[in-house]
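In this document, chain identifiers A, B and C correspond to the written order of the chains, with residue numbering beginning at 1 in each.
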Amino acid sequence: MSTTTTADVEKEPSMILQKQMIGDHFHELARAKELGKKVVYTFVPGNLNELIWAFDMLPVHPEINALQSGMRKKSGAYIQEAEKAGHSEDVCTYVKCDLGMMKKGNIGPTGERLPAPDLLLLSYTGCFTFMKWFELLQREYGCPVAMLHVPYQGDGEITPAMKQYVVDQLRDSVIPLMEQVSGKKLDLERLKGFLGSSSRAEDDLCAIWDSAKHKPSPIDSYFGGVYYIGPIFSAFRGLPQAEEYYKSLRAEVDARVAAKRGPTTPDGELKDQKFRLVVEGPPNWTSFRDFWKMFYGEGAVVVASTYTKVGGLYDRGFRHDPANPLETMAEYCLGCYTNRNLPTRVDLIEKYIEEFAADGFVVNSIKSCNSFSAGQLLMLRELEKRTGRPGAFIESDLVDPRYFSGANIKNRLDSYFQMIDAKRASSPT
Amino acid sequence: MDLEAIVQRSEALFRDQDLSAVKEWKSRTGGKVIGFMPVYVPRELIHAAGALPVGVMGAGEHAEIIRGDAYFQSYICRIPRSTIELGVSGKLDVLDGFLFPAICDVIRNLSGMWKILFPQKYARYVDLPQDFGAAGRAFYRRELEGMAEDFTRLTGKAVTAEALRRSIKVYNENRRAIARLYDLRSEAPHLVPTWELYLILRAANVLEVTEHTKLVEAYAQAARQSKRPERDYVRVVVSGAFCEQPPLGLIRALESSGCYIVDDDWVLGARYLVEDVIEDGDPFDALIDAYATKTVSTASRYESTALKGKFLVEQVRSRRAEGVVFAAPSFCDPALLERPMLQAVLSEQGIPHTGFKYAENTGQIQSIKEETGTFADSIKLWGTA
Amino acid sequence: MDCYVGIDLGSTTTKAVFLDSSERILGRGITNSRSNYTVACQVAREEAEISARFNLLKQRLASVPRLGERADELMAWLSCKFALAQHLKQLKVLQQQCQDVLARTGVKGGEDRAPYEQALVQIFEALVSTSEALFAPNQRSQSDFFRDLATSLYLKEAEKVARASGLSFDRTVGIFDKAILQVENTSFATFFAEYLAFACRETVKVEQFKRFEQDISQAVREVTELKFNVLSEVGTGYGRLTLPFPKEQIRSEILCHGLGAHYMFPKTRTVLDIGGQDTKSIQVDESGIVTSFQMNDRCAAGCGRYLGYIADEMNMGVHQLGPLAAQSKNPVRINSTCTVFAGAELRERLSLGEKREDILAGLHRAIILRAMSILARSGGVFSEFTFTGGVARNEAAVAALKELLKENYGDVPMNISPDSIFTGATGAALFARRDSKKAEA
């Protein structure tokens, strides 16, 4: 969700702070063994970051490594490495990128080697492939796996049975295994401390999302948003660094609101906001900058997105609650965006379109990610019907450079923007 | 009934996209019908509510997909689009409800699509737990109870413990009959051509269970007495075809390429439980226990590395198979991600294997046949592929 | 004369349309798209200008009462003589280019150059001498691109000459391949006056036109001297971003297609366009404004290119596929519209002894099935329905589409224009006209 950045690109101060945080984290990871720290690999959606920190272990997120590899243009070679080893061209490229990176020495985004895991914490939330992914990693690393099956909101709600199921697993198998691997008993008070810190950062993040209701919007909730979710969806939620980051980000955004300024893009401030959009689906990482430019280059700003909710829908009211640690973690896992059923996802996007006064919405359909993609064409149709606002449908992949056709995507987006323009021009108001 | 008539009847059931047999059952009994997608649902529960469980496995090779295709990108497998095609063209109107068990994200999302497309119909995602200990069992009990409540509401008939025990019993009989047929095929594969066995198995999707058991038994008896020449074929296990089904022509081609298929995982729901479900005591406990401990290994169930591949190797050993053919639908994440792990285990064990991808309407049977034929030849010649 | 220009830079052809101030089409031009987009764009534009002049000439001659019914015949003569002049000019340049290529690169393998020089002279003599017959009035060859026409003529002559003289046929062809690229990238429209003067001279020699010499010369002079004043120009199409236009003058082909189809058939609500690179389904409102659209997803299955691929597999020309498929009485079901798999499936079907026409009929249906699902994605089919793009000229595809439309949407009137290839350029010209009006206001 965050990126290593190149020179000559405009950056917000919070981006520089984030880069520092990430650098420190990967540096600590590289020294984990000498520091005597245990390492946990885990997934972003429904992650148990506070719990990992409570055991004083260090988290690694393979999805983030994969997207970083994508941004650094290394994913193509990694994917081919995995395909050479027998993986199908049909399957998720995050998995293949991760496996390929491991085979090539497991060098992380900062150039330092990532430590092997002492535990694979399989928070199986909202994505079936996660399960296969860690089965594959377990074969490679031979370390224990803590399986946490987070049931799906098939009927669009969290039932008491679902919550109980997750709490039971946490209590009966996940926590005992983490105690065993870390050699420490769970310090519940410490855990509560992290959870409290999480909720404070979550408050600030919500204010940031909300700011996009302003015209002009001071943020881009998708392309900028993926930076904003960096700390809270990954290693830093629950830590003071994250609190600090979100405080400073919020101040930045507030200042832009006061000055009626738009978000910062790699080419400077987005000034003339001609189109306000909601985006469904993850971004493409291999051509992230080009992809973004196809939007801001036409004066399009994203006012809300679903991808930035894969690690929790704080904006719909959820906060980590230190008073009920296991229950709150369970609820967090259950509430992630991709763990919600299709009707609920349609409802959510509809609300975003209305609440953020969007001109339309864009679906970026990702080949790798069936969890997001299967059903998106129906969502498109439903949303157009319900909101009367036009949707655009484009296709790309997370980190497979072979699956990003810039000209094709630009063609569709341009047509889409021009269509909105032509409609405006022809409507009497 | 003679062999030919049994096979013909099964093939007619297989080809009947209008589900006439189900309609006929419905008008005869006045009962409700509940459909289900692959792989596993506890059909006993549906049966105990007096309803007919009906397996829906896509639309096969002959259906033209127009509207279903409008809902899915090109990189998504075929079964959800053909299932939607069946739905929107009214061919599934006979179903009073539809269950979508946890297999993968595509089928999971299909459950929500169904709710949007057919709001007046009962549709439920069946979340099968991946935790097989106390937590998963407690959760699964709530799932089963929830379904039982739903079915009761649909049928007006309470799912009593007594009824459920009776249903468990008839499904145990069915599974035993199928297991015996599989044993027979393994002992004398020339007497039980796989495409015939497949058709018999597919009939489980649409026939009332006791009727299906009779069909299986009648077929087994007739097949045993049949006079068919034994060929110098290689014995193989087929793995990976647990959800979207290969076209019948492909199944025939696999065999005629020189492979006796001595075990497989198609229509896996009918064989998901490998032992009897306990017939006395609390029937919910019995179903939970069976789901947690007495099942096949398949890609949609979580499995630790220590166990990975054991089931398949054991299948190869007990069926005296000489190799494994991996057959997975294109774009099937579970099967295709599982495959390299299973292949690694087989290689460690010195078991030859080959693999291909298909779609339910695949049009390139010859090239697959050539591949498996070469595989069979190389095993015959050198004992390895 | 005030006019507005639309250019559609497609993947295989580039089109241009000239409109007058009352949105009437003045002329249309088409050429091969080529490596040099600027030239393709320029040539199409010049062709459109020529066609505009011819249309004006036709109007002008039609208004001469004493010509009466002779006017049409006269136009046919003028057109063919004009085309002949253009053709001869191009041949001349081609010959020069061939000689240049030979001089520049020599003959590989150390062969003597002189016999090849001689051979070229012979070939071109033959080409020139047969030209007149080719460009008799109402001959089809006039509408062919020079490249296509010259290639087939040259190959025929080169084979004869090579056989007779014992020279290498391949080398002779190699020279041509290099030279034709140069010719394609040369503009010939500047010779318009010269061609038309030639046409006029030749035509008035014809017995039945001799007595109208005065009228003809007068009309030709007026049309030749006419100046077009382009008030606004808009570009669209696959290669629109490479057009030498400022951004405001570039429009998406979706919008242009919608507006163009609306212009051709004002009751159009749904447009299906199957082109070489993609399939588009477009919904437009009563004034031709696009309300929604869908294109084939990243997978190009079922586009025109797929037919090209099939044609290659079957060793046929693309234009032969439709007529053969139309002969099928028993179409087979083809499952794969994937270009990657289609070849394999095709070979498998052939090896199973299926008839070529039956396979082709199945393939055409498969393509249209894909289009049907894209139509469904964009919201369905509403009356009237307009079918455009290269595939709309394929009778088997049209038949399959009619059948499937009826099955799925009932009786919906289907429009296919013989000029459907100009849909995008027409829309672009209309946008040019509207932009200009807006600028005035």
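Assume a residue touches a chain if its C-beta (ideal position, glycine included) is under 8 Å from a C-beta of that chain, and two chains touch if they have at least 3 such contacts.
Since this is a predicted model, take the numbers as computed values, not measurements.
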Central chain (distance from its CA mean to the mean of all protein CA atoms): A
Chain whose Cα centroid lies at the greatest distance from that of subunit B: C
Centre-to-centre distance between subunit B and subunit A (centres being mean Cα positions), rounded to whole Å: 36
Mean-CA-position distance for subunit C and subunit B (Å): 54
Inter-centroid spacing, subunit C versus subunit A (mean Cα positions, whole Å): 49
Junction residues of subunit B, two or more chains touched: 70, 73, 75
Sequence positions of subunit C contacting 2 or more other chains: 297-298, 377
Multi-chain contact residues (two or more partners), subunit A: 365, 367, 377, 395
Complex contact set, residues of subunit C against subunit B: 297-299, 301, 333-336, 341, 344-345, 348-349, 351-352, 369-370, 372-374, 376-377, 404, 408
Interface residues, subunit A side, partner subunit C - complex: 365, 367, 377, 381, 384, 390, 393, 395, 403, 405, 408, 410-412, 414-415, 418-419, 422-423, 426
Touch list for subunit C against partner subunit A, complex: 238, 241, 251-255, 285, 287, 289-295, 297-298, 377, 379
Interface residues, subunit A side, partner subunit B - complex: 85-88, 90-92, 95, 124, 127-129, 131-133, 135-136, 138-139, 142, 145, 147, 149, 151-152, 154-155, 159, 161-162, 164-165, 168-169, 172-173, 341-346, 365, 367, 370-371, 373-378, 382, 395
In the complex with subunit C, residue positions of subunit B that touch it: 61-62, 64-67, 69-70, 73-75, 359, 361-367
